[in-house]
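This report concerns only the one structure given below.
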Amino acid sequence: MSTLRPYRALLGRDLRLAWRRRADVLMPLAFAVLVVLLFAIAIGGVEERLAPMAAPIIWVTVLLSGFLSLDGMFRGDVDDGALDQLLAGSSSLVGLMYAKALAHWLLYGVGLTLAAPILALLLNLPVELLPVMLTSLALGTLGATQVGLIAAALTARLRRSGILLALIVMPLFLPLLIFGSGSVEAVRFGDSPRGALLLLAAQSVFLLTLAPPAAALALRIGDE
Amino acid sequence: MHPVWRWFHQMGSPPYFYAFSTRWMPWFGGLALILGAIGIYKGLFIAPADYLQGESFRIIYIHVPSAWMSLFIYLLMAINGAIALIWRIKLSEILLLSCAPIGAMFTAVTLLTGMLWGKPTWGTYWVWDARLTSELVLLFLYFGVMALAAAYEDQRQGARAAAVLALVGVVNIPIIHFSVHWWNTLHQGETVRVFGETSMHGSMLWPLLIMALATKFYFAFALLLRARSMLLEQERGKQWAIEIAQGGR
Amino acid sequence: MHDSGLLLDAEGLQCLRHDEALFAPVAIRLGAGDLLVVEGRNGAGKTTLLRALLGLGRLQADRLCHRGRDVLEQREVLRAACNWLGHLLALKGELSVLENLRLALALADEDLHGDPEALLERVGLAGYEDTPARSLSAGQRKRAALARLAASRRPLWLLDEPFANLDRQGMDVVESILAEHLARGGAAILTSHGVLPIRLQARQLRLEALH
Amino acid sequence: MLAWLEAQGHWGFITVSYLLFFLVLLADFLPPWMRERRLRREILQRLKRQRATGKDV
């Protein structure tokens, strides 16, 4: 009878480690504000031009910021041998991957979604778009985390994998970006975002079932 | 043992595969050349010009077959990936690594010819048409697989990691395809119908099918070529490799 | 003829790297209370053997059984019975010694046997309960890992150079924990360089490197 | 350069497309072809050095 204890332990561990290294967790949030700052400056801070582009910019920024944190997902565990202990353990690796993805999503997915209002403020996002923006970000980052999980697992044992990570995740982020940003655009044009949001949710659920087993398989490759 | 499985098993032994490639490469290469020549000749000079797009339409005879090949090769690569992961067959790993550059090449050709077709027909080199956009994403899927395979010091682990990515990629291709089309209709509406299935009949259609065959034979030729040179590289110390080098065949 | 009592019954066992065997085939028969010391020159595959047994590396064997059950394909069954002390101790720097101890056991879905404070005292880490692992010395980190071992009741221990980075007292700690484990009917395989600094009765296994 | 191309009309684009097609095909299969020939030469050279020195180099 395998209890959920190992998976809860891993989730708790990652959250506690993140709390102990609070600065690391805030880095992607700071990066997001920086990227938005760059866009606002480049576009000229003119409200009429910023508002229509606010949603797409926020969505791209959130994906880029979330992407930054992928490198650290397994890096620490590889360096101190914790990953090998997990691989040598009797708990299901797929279950551990779910715990790992959930921890990452809570920290960076939810984190960035909660930070989105600040980004929206900076980009003069019309207030009525905020609800659909937050919903789409929450659903989208859940899917994005799964894509990130696979990419991080595939590159866990490689020394420098920055660009490679981007090359792996960006094509797979695309559908999430399309439906996520599309749902906000729909509301901006006065349509209902239901269709786009449902497709976004379907995409995330699909990735939720695909990613952990794929990541577990990828991690087993590294040690043959 | 099932004959196909036995054949697949025989192919696993490097000397046997090398001999197989030596015997079949000239055929595939020759057929590709002949069919290619016929197809291009028919396409450029025999087929009537398109009443709408005029002459530039003839680029279709390399654009569309290449597009078909880019998807076909990715699928074949993913299948080899599955075989390599499930049955740990070394030959499938080599075929996977050999497929990727060829597939990327066909994708690049599709994009290049698509741009050169776009200019005379729609006035711009790059049109964010659903098909061209999916093709561009496919190019990055290929680059991802190749870069990941190259990033591992151990080639076999690299191939297996690339196999996982190829499988994740192939599962996502329909989703990317659907979402790009959905995005296209959302933003451009139905106005831009690039590469729509124009009403093609006989003389226009034949060159297309011939070129489709020609590209498949070329792919077989190039795949065997890449796979055998990779195999020879890996087994350079072995006796059969030395005999091959001496034999000059 | 599998002896259902054997904790590890391996025959014709070899580790593979790139489909090539690292050492000549070996046989391992470990019953309750048995201690096996694996020797071989550097690179012979001592560490690889332990990792391969746990599925972290490829191996081939004519037979690999745990308590009479074939585990060559179901390696997770063997993993559930093993504790592995590798070179890297899997200690999280930001977590305290006690947190690391509880975490390691929870991750392995094991209950903590014995009182944590007493365990830490036993391995010579009394008073370090709340010290972050990153501020411990190499020897102290090893003792923290040993405390995790002592708290576990899994029958088969795989210890990779357990005496490295340890002073005399540290080695005595290893010996007493190991002796207690063997007395409880457990078994252990450990790799070591040179002569064993303990007086425990052990069998030797020499790995003959193939090239 | 692009201006020149656009001035050529439809057949300009067609010829450039087909030229690019062949160039890219060559770029695809020539490298492995060359690599294999170089590999064979290396194997032979190693063989000669081995025979000359009588031991595995």
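Note that the chains are named A, B, C and D in the order they appear, and that numbering of residues resets to 1 at the start of each chain.
Note that a contact is a pair of C-beta atoms (placed from the backbone, for glycine too) under 8 Å apart; a residue touches a chain by one contact, two chains touch by 3 or more.
Note that the structure is a prediction, hence the values are computed from the model and not measured.
Q: By C-alpha centroid distance to the whole-protein centroid, which chain wins?
A: A
Q: If every chain is reduced to the average of its C-alpha atoms, which one ends up farthest from chain B?
A: Greatest centre separation from chain B goes to chain C.
Q: Return the distance between the CA-based centres of chain B and chain C, expressed in whole Å.
A: 49
Q: Averaging over Cα atoms per chain, report the distance between chain A and chain B in Å.
A: Result: the chain centres lie 32 Å from each other.
Q: What's the distance between the Cα centroids of chain A and chain C, rounded to whole Å?
A: From the centre of chain A to the centre of chain C is 37 Å.
Q: How many angstrom lie between the centres of chain B and chain D, each centre taken as the mean Cα position?
A: Taking the average C-alpha coordinate of chain B and of chain D, the gap between them is 18 Å.
Q: At least two other chains touched by the same residue of chain A: list those residues.
A: In chain A, the residues touching two or more other chains are 224.
Q: Tell me, which residues of chain D touch at least two other chains?
A: none
Q: Would you please write down the residue numbers of chain B that are in contact with two or more other chains?
A: Expected reply: 156.
Q: Which of the residues in chain D end up touching chain B in this complex?
A: So the residues of chain D touching chain B come out as 6, 9-11, 13-14, 16-18, 20-21, 24-25, 27-29, 32-33, 35-36, 39-44, 47.
Q: State the interface residues of chain A toward chain B in the complex, per the touch definition above.
A: So the residues of chain A in touch with chain B come to 150, 154-155, 158, 161, 163-164, 167-168, 170-172, 174-175, 178-179, 182, 185-186, 199, 203, 206, 210, 214, 217-218, 221-222, 224.
Q: Please name which positions on chain B make contact with chain D in the complex.
A: 40, 44, 54-56, 58-59, 62-63, 66, 101-102, 105, 108-109, 112-113, 116-117, 119-120, 218, 221-222, 225-226, 228-230, 232-233, 236, 241-242, 244-246, 248
Q: Hey, which residues of chain A end up touching chain C in the complex?
A: Touching chain C from chain A are residues 2-3, 5-6, 8-10, 13, 16-17, 20-21, 76, 79-82, 84-91, 223-224.
Q: Which residues of chain B touch chain A once you look at their complex with the stated criterion?
A: 85, 137, 140-141, 143-144, 147-148, 151-152, 156-157, 160-161, 164-165, 167-169, 171-172, 175-176, 178-180, 182-183, 186
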